[in-house]
Amino acid sequence: NDSATTEEASGDGKTEVIFWHSMSGELERVVQEVADGFNAEQDEITVTPVFQGTYEEAITKFNTVAGTEDAPAIMQTFEVGTKYMIDSGKIQPVQKFIDDEGYDMNQWEKNITNYYAVDDTQYSMPFNSSTPVLIYNKDAFKEAGLDPEKAPETYSELKEAAKKLTNDDQVGFSILNYGWFIEELIAVQGGLFVDNDNGRTGNAEKAVFNGEEGLKVFELISEMHKEGTFYNTGQNWDDIRAAFQSGKIAMYLDSSAGIRATVDNAPFEVGAGYLPVPDGVDRQGVIIGGASLWMAKDIDEEKQRAAWEFMKYVTTPEVQAQWHLKSGYFSINPAAYDLPLVQEEWEKYPQLKVTVDQLKNTIPSEATQGALISVFPEARQKVVSAMESLYQGVEPKEALERAAAEIDQSLEAANRKNGSQ
Amino acid sequence: MPSLNMNVDPKRPSLRKNRFSLASLEGWLYVLPSFILFIIFLFYPMVRTVYLSFFYTDTQGKPLSFAGWENFTTLLSSTSFLTSAKATFLFVLYTVPVGVILALALALLANQKLKGIGFFRTIFSSTMGMSVAASSVIWMFIYNPSIGIANKILNFFGFADMHFLLDPNTALLSVAIATIWMNTGFTFLILLGGLQNIDSQLYESARIAGVSSSYSFRKITLPMLSPTLFFVLTVTMINSFQSFGQIDILTKGGPIDSTNVIVYSIYKDAFINYNIGSASAQAVLLFLCVFILTVIQFKLGERKVHYQ
Amino acid sequence: MTIGKKILLYLVLILSGFIMFFPIVYAFMISFMQGGEVLQGKLIPENFTLTNYLHAFEKVPLLRYLINSLVVSTVIMLGQLLLCSLAAFAFVFTKFKGKNLLFMLFISTMMIPWEATMVPNFQTIQSLGWLNSFPGLTIPFFAMAFGTFLLRQQFKTIPIELYEASQVSGVSRFKFFLTVVLPISKTSLITLGIYCFLTAWNMYLWPLLVTNDEKVRTVQIGLKQMQTQEIASEWGVVMAGVMLVILPTLLLIFVGQKRLQEGLTRGAIK
Amino acid sequence: MRALELKQMRKSYQADIEVLKGIDIVIEPGEFFVLVGPSGCGKSTLLRMIAGLEEISSGELYIGGAYANKLKPSKRELSMVFQNYALFPHMTVEQNIAFGLHVKKLTKVEQSQRCQEAAETLGLTPYLKRKPRELSGGQRQRVALARAIVTQDPICLMDEPLSNLDAKLRTKMRSEIRQLQRKLGITMIYVTHDQTEAMTMADRMMILNQGEVQQVGKPLDIYNHPANTFVASFIGAPPMNMVNGYIQNGNVHLPCETRLPQIHQNLAGEFTIGIRPEHLVRATNTDEATLQATVTNVEMLGTETLINFQLTDKLQWTARWQGQHAIPLGEKVSFAIKIEDLVFFDDQTKQNTFLEGVEVI
Amino acid sequence: MRALELKQMRKSYQADIEVLKGIDIVIEPGEFFVLVGPSGCGKSTLLRMIAGLEEISSGELYIGGAYANKLKPSKRELSMVFQNYALFPHMTVEQNIAFGLHVKKLTKVEQSQRCQEAAETLGLTPYLKRKPRELSGGQRQRVALARAIVTQDPICLMDEPLSNLDAKLRTKMRSEIRQLQRKLGITMIYVTHDQTEAMTMADRMMILNQGEVQQVGKPLDIYNHPANTFVASFIGAPPMNMVNGYIQNGNVHLPCETRLPQIHQNLAGEFTIGIRPEHLVRATNTDEATLQATVTNVEMLGTETLINFQLTDKLQWTARWQGQHAIPLGEKVSFAIKIEDLVFFDDQTKQNTFLEGVEVI
C-alpha cells in the first residue's frame, strides 16, 4: 500500500515529500541530484522524486489520485497543462506561501514566472523552462557563402539564407510540426493566440491566432515549402535533429534545452540565433515553455510546507546554476548566470548565452506571457494539422481559418461544460 | 419418432435435471476464475464507459450532466471521427490480410524439413520478442526521411526519397507495414504450430495420389488449418482495431489525422484533451463495431472451419 | 527434394530471415553508437564498445527492473495459462447452459479498448490497496480472452475419442484435462506461454500507473526513463537498454522454439 | 458379474434416419455376448450407447439392474476397446495401458504388475516405452486391448478388437480373452466380423441388420437354425446357397437339373430354399439325390476347396469340399444333397419355416 | 502392367534395430502379390517404402525397370490403401474418393462416373455426402478402398483393406478386387491377415517374419510345402500341429500313444514333425495308423469342429473335423493319420526336409 510506504519512510521523523516528475534520461539524474542535495542539506524533510512517465501520463495519474492519500506533494506539469491544473481545484497555489512568508519573488526571472501567474497569483513554481531558438549549421553557412556568425533575423534574411543553403542534398530550413513553435513565432511578433488577452483576463472564447501575425508565419512556411527551401520533418524531435545532424537541413528551430546535446553530437559547428521575425516587425520576445512544479491541495499542511521548502531550495542560484548547466534549461534565478561556473560553460557553449539573452530581451506582455487555454493540447493538435496541410498545398489562410474554427468549437464546448459545472 | 419419446420413465426428468445442473456446475467452475476477473477488470470498466458516454464530463472525467445521445451524434457528424473511422478500417484492411498471408507464407516455408530450419523458425518468430515501443522506435529510424535505411534502399534502386510517415498518402501504409512486421512473429508461430498438427498421413495420401503441392495446399492444408487460420484472422483483426503504440510513436495520428485511428483518437480524447465523454462514446462505438464484425466472422467463419 | 529446390528454399529462407531480423540487427547496431552517430544515419557504429550498456545500467536500476519484470511476467504467464486452459477446457469438453453465449462474451472482452478500462481499473486496484504491489501488477491480467480462444481452438482439434476413452476408463474430467488435454496441447501452451510472457514483459502504462516505487517497477518503465522528449535522447543508450530488455525475451523464444519442435504430437492413433 | 438390460433402445443421428430401431435384449451376468452384423448396421453405435458415449434417443438401459440412461460413462464401471483404438498419442504404451488404473484404488505396485501382465499376455513387453506412433497396426490394436483388460471392470465392450491381428495371434488372443473373461466373470459384449471368433467365443450371439435384431441365440443354434434368409446367408462362410423353388406333391422343385427324392410332409407352395456349401458334397454313387452343374471357378484354400458353379443362368452357388480338388473349369459335376440339409424359408417373409429334418418318403 | 523389383531392401527406424533385413523379390507385372506375416513383422513398412513414403535405408527398388529409390511418391504411379485409412476428415466421402483424380487427365464427367462406379461397387452410394466422422468403421475402410481403386494406377498397394468388413461383404469385395485387378492388369501388393483372402486372391504370396522373407510361392505350394516350421504354423488355421520326434529303424517315434507303420526311407535322427489339423481324421477301422489322446476342448463352428487334445503333458494339438461333433470332454479319441501327411522339419534349422510322400513299407 502506497500510503503505508509513505508512513514508513517518514518513520524517522522526517516529512516526506513525494515529487512526481516526467524527467527522463539524463534529466532524471539531475532531478535526483537536486533532491539529494536538498535532503543532505537539512534533516527535516526528505524529497523523493518519482518518475511518472510523460507529462500526459503523469497528469492522468495525478488526476485519479488527487485528493487521496496517494497524491504526491509536488507534481510537475507541462506548460499547456497550466489552465487544466488551475481549473482542477486540486492544487494549492504557491502564492499562499509567498504571501505567508513575504518571500521575495523578484529574484525570479519575470519572463518565466509570468507564465504561471494569473491575476497576480503565482500558481506554480517554474522548474524546467525553455524557449525556442534558431539552430544552424555553420559549416554549411560557410559553404554557401553566408556569414556563419550571423544568424538570419528576419523572414527575408531567413528565406535568402535558406535559398542559398538549399542544394541537392540539403534543404535550407525546417520547423518541427509542433504547435509550440507556431505560438512562439506569433508571440515574437506580439500576436495573441486566443482572445481575452490570451485567456489571461477571462476564459478564452475564441482563437485569434488566425490574424495577421499567424498568417505571416503560415505564409512563410508555405512559401518556403513551395520553393523547396523548407523541409517537412514531421512531429518527432529526434527526426528533425537527425535531419540536421545528417546534413539534410541547415537551419531549424529547436528548444533551448536541447542545444547542448546538438552541439556535442553534430559533426560540424553549430550556431544559435534568435527566432526570426517578419520584416519590419519589432521583436517582442519569446514565451516560456517547459514545465512547472505544483503543490497538491488536500494534503497535510506540514507536507505542503516541506514542499515549499524544497521549492525555495530549488530556486537558489547555486542549484539553478547546476540545473542550467546540467539540464540545459533556464535558471529561474538570473543570479545563477553570474556564477563563474556558468560563465565558464558559456565560454564553451556560447550558444547557451544566446538563448538566455533572447529570454532576457523579452518584453513582458500578454503575448509573451503565453496563452492560457483549457483545451490547449487539442489546440496544438489542430495547429499541427494545419501546418501539415500546408505541405499538401492548402492555402495558409484557409489552413489557419480552419484550425481556428475548430479550436473555437472546442473552446465553446469546454466553456459550456465549465458553465454547467 | 415422437410417439416413442412420450414413453419416458417418470423418474427421468428429475434425474436429468440433477445431472444437468451438476455437469453445468462443473463447466461453470472451470470458467469462473476467468469470468470473475473479466467482470471486475473488463465488464465493470466497460459498463462505466458506456455510462459515461451518455454524459458531459468535466476534464477529470466526472459526469456533469446527462447528454443523451449527443456525444454520439456529435461524433457521427464530425468529420474528424469519420476520418478516424476510415483510417481504422483502412488500417485493418492493410494489416490483416497481408499480415496473415505473409505469416502463412513464412510458416509454410519454415515447415519444410531442412537442416537448420529451427534457426529460421527462431528468426521468424523473433519479432514477437520486441515490444511495440521498441519496434516502433526502430521503425521510426528506418522511415526517417534523412537518415533512414528505407530511403537509402530506395535511392539504391534509383527511386526518389519518400516521406513515409510525413505524407498523408503513405503514412497509414507505412505504419501498417511496421505493424505487420511486429505481428508476424506471433502469427507465424501460431500458424506453424497449426501446420505441424496436421496428420502427416494425409499428406502421404496426397503424395501418392500425385496431386500438385498447390492442390494439396488448397484441399488439405487450408481446410485442416482452418481452425488456426480462423483464430489468427479473428485475433489479428481485433488487435489491428486496437493498435495504438506504434501510432503514438510513429505519427501521433498525423499527418492531418491520416493515421488517427479510433483507438488513438480515444487515447487523445481521454488522456490529452480530457474529453472523457467523447472518448467513451468512441470506445463504445469501436466496441460495437468490432463486436459486430466478430459476430459475423463467427457466424460465417466457423461454419467453414473444420474441427477434427 | 532436388538440390536446386533446396538451394532455392534456403535462399528464400535467408532472404526472408534477413528482412525479418534486420530491424533487430539495426537496433543492435545502434546500441553501440555514440552520441550523434545514429542521427547522422550511420548503419554500423564506429567502434563496438560497451559504454552504452554500462550507461544503461547506471541510468536506471535496470537489474532490479529486470528481476521485477521477470517475476511479474512469469506470474502473469502462469496465471493466464492456468485460467485460460481451464476456461477453454470448459468451452470444449463440458456442456452447460449458455456456453456459447458466455464464449462470445469472453471473446467480446478482446474488443474492449484498454484505454477505456485503465482509469477505472486503477481505481479498483487503489481501493483494493494493491498499488505498488505484485498482485496489482499481475492479477488483473490473469483472465485473457485471447488465450482462452487460442486454447479452445487447440482443444477442439483433440479427437473426441480420447475424451471418450478416458470417460470409459472412469477417469474424472479434471484428470483427463491434466493428463491428456494439457500434454497434447503442449505446443499451443508453450506458444501461448511465450506470448503471455512477452506481452506482460512489454507492458508499460499499467505498471507505470500502479507503481510509484522502484522496488516493483518493470523494465519498460526503465526504457522510457532512458528516452527524453525535449532534449535529444541518447539513442545508443536507449537501444542498449532495448537490447538488454529484449535479450531475455529472445532467449525465451529461442528456448521455447526448441521445446516447440520436440513437443509435437498429433491426434488419436488408429 | 453384472447384467445388462436394453429396452427398446433406439438411436438416430439425424432426425429421420434411425440407426438402431428398438433393441430389446437382456445380457446375463458373466455372459460372453457377441454382436455381429454387416458393416454399418449399428454395432458400434450400440456399444457406444451402452458405454454412455452416445445419447440414447429413446428406450432404456439398465446396468446391474439400475437405470443407467443418464449415468456418466465413468460411473458405469466398464472398459471398452474402440474400433479405432483411441490411443493417447503423447503417452508411451505403458502409460496408455495404465491410464485410468489409478481410479481403481490399487497400489502402485499392483498397477504396474497388472500392466506388466497385460503387456506380457499381448506380447507388448518390448514396446512398453514406445509411443503409439512407432507401432505397427496390430501392435496398436493390442495396446487398445491391453488398456481394456487391465481394468478388470465387470463389463467389457470390445469393438473388433482383433481385426488387425494375424490368424495365429488371433487364435491365441481369442483364448486369452475368453479365459480372462471366465476367470473374472466379466460380462462381455464383443463385436466381430470374424465368424470363427463369433462361433468359438460366444455364449450367445446377436445378429443385427440395419438396426434391427435378426436373431439371438447360441452360435450353433443360429448356425443350424437361422431365423431367416439374412441370418442364413450372413452366418457361415461361404454363405448358404439360396434359390427360389417350390414344392408340389411332395416334389421339391429347384430351377436346375436335379434328382431329388419325394418328401413326406404335406407341404406345397413357393419357398426360398437354402443349402450350406459344405452340404453339397461330391456324389459318389448313382442313386443319391443329386444336383448337376457346370463348374465356373475353383478356389483351393489348402484345407478345403471352394467350387463355384452356375445353378441357373443368373445364380451362382458354392460348394465347399474338404481337401484340395483341382477340378477343371467347365466340367459338369454331380453334387449329392441330403434332403434334410435343405432349409425352407417362407417366400414372402423370408422367415425360416423350420421344416428341417424333412423325411424322405 | 508394371513390374517391381526389390533388391536387398533394408529399413531401420532406430539406429540399431533393423525392421526389414534385406528383402529380395521380383513382382511380375499384373501379378497379385500377397504379403503376410505376424503383427509387427514389417509389412506396412515394406509397402510404405515401395510407395516412397519411407526412406529406403539400403538396397534398391526398381519400378517398371527404372531405379526408383529416389522417385517421388507421386511419380511412382501407384495407389495405396492405408492400414488406418488416412481419410481426409474435412471432405465428404465423394470428395475423398475423387481426391487426386483430376491429375489423371480425365474429364469431369469421367471423374464423377468413376467415382460413382467405385462407390456403387463398395456399397457407399448412400453415404457420398457424409463426412468420414459420420461413418462406421467398415464404411470408412471402404472409402479408403474406393479411393485407391478409382485411380486405376498400374500398381496398387493395399494394407489390410478388408479387415473391418464382415465375412459376406469381404467375400464380395475379394472377388471385386480380384476382377478389377485382372481387368486392368494392375500389379497388386496386398497385405492381409485373412488366410482365405491370401489363399484365394494371391498369384504368389510372401511370408515375412521379423523382417525376413520366409517363403515365396503359390499359395497352395506354400500350404502344402511350407519351407519351415514358421511358415507351417503360420499358414493354415488352426495352425499345423507340431512335435519333436525321431525316426529310428524306419519307425517314427512321437512322444505319445501312437500306432504308426514303418517307413521305407532310409532315414534316422531327430525331427520336428508336423501334421495339419484336418489330417487328423476320426479313425474308423482298427488297422489304420492312429494316435490316441484325450479331448480337452471342443469348438463347434457349424461347418466344422475343432477338437483340442492333450498330446503330451505340455503339448496341445488340434484336429479339425467336418461337421458338428459334440464329443464329450475327457473322452479318449483315436485319430487316424496318414503317414504321408506328416511333415518333417530339421530339428536344428527348422527347415522342411521335404520328406513328403514317405512310403509305407
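By letter and in written order, the chains are A, B, C, D and E; residue numbering begins at 1 in each of them.
Operating definition for what follows: a residue touches a chain if its C-beta (ideal position, glycine included) is under 8 Å from a C-beta of that chain, and two chains touch if they have at least 3 such contacts.
For reference, the UniProt names are B, C = Glycerol-3-phosphate ABC transporter permease; D, E = Glycerol-3-phosphate ABC transporter ATP-binding protein.
Note that the structure is a prediction, hence the values are computed from the model and not measured.
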Notebook entry, point to check: Using direct touches as single steps, what is the fewest number of steps from subunit A over to subunit E?
Noted result: 2
Notebook entry, point to check: Along touching chains only, what is the step distance from subunit D to subunit E?
Noted result: 1
Notebook entry, point to check: Farthest chain from subunit D, comparing Cα centres?
Noted result: A
Notebook entry, point to check: Given the two chain pairs B-C and C-D, which is bridged by the higher number of C-beta pairs in contact?
Noted result: B-C
Next item on the list: Just give me the whole-number Å value for how far the CA centre of subunit A lies from that of subunit C.
Entry: 38
Item checked: Computed distance of Cα centres, subunit B from subunit A, in Å -> 39
Item checked: For subunit B paired with subunit D, centre-to-centre distance based on mean C-alpha positions, whole Å -> 56
Next item on the list: Provide the list of subunit D residues touching at least two other chains, using ranges where the numbers run on.
Entry: 72, 84
Checklist line | Multi-chain contact sites of subunit A, meaning residues that touch two or more partners | finding: 57, 60, 238, 242, 246
Check: So which bits of subunit B are touching at least two other chains?
Finding: 61, 141, 144, 146-147, 199, 271, 308
Checklist line | subunit C residues within the subunit A interface of the complex | finding: 35-36, 38-41, 59-60, 119, 122-123, 126, 129, 131-133, 205, 208-209, 212-213, 221, 224-235
Next item on the list: Can you check the complex and tell me which residues of subunit C touch subunit D?
Entry: 159, 161-162, 164-172, 175, 179-180, 183-184, 186, 265-270
Item checked: Of all residues in subunit B, those that touch subunit A in their complex -> 56-61, 64-65, 140-141, 144-147, 163, 165-166, 168, 251-257, 268, 271-274
Notebook entry, point to check: Contact residues on subunit D for subunit C in the complex?
Noted result: 48, 51-53, 72-80, 82, 84-91, 99-100, 103-104, 132-133, 140, 147, 151, 153
Next item on the list: State the interface residues of subunit C toward subunit B in the complex, per the touch definition above.
Entry: 6, 9-10, 12-13, 16-17, 20-21, 23-24, 26-27, 30, 38-41, 43, 82-84, 86-87, 89-91, 94-97, 99, 102, 104-121, 124, 139-140, 142-146, 148-150, 153, 156-160, 173, 187-188, 191, 194-195, 198, 201-202, 204, 220, 223-224, 235, 238-239, 242, 245-246, 249-250, 252-254, 257-258, 260-261, 264, 266-267
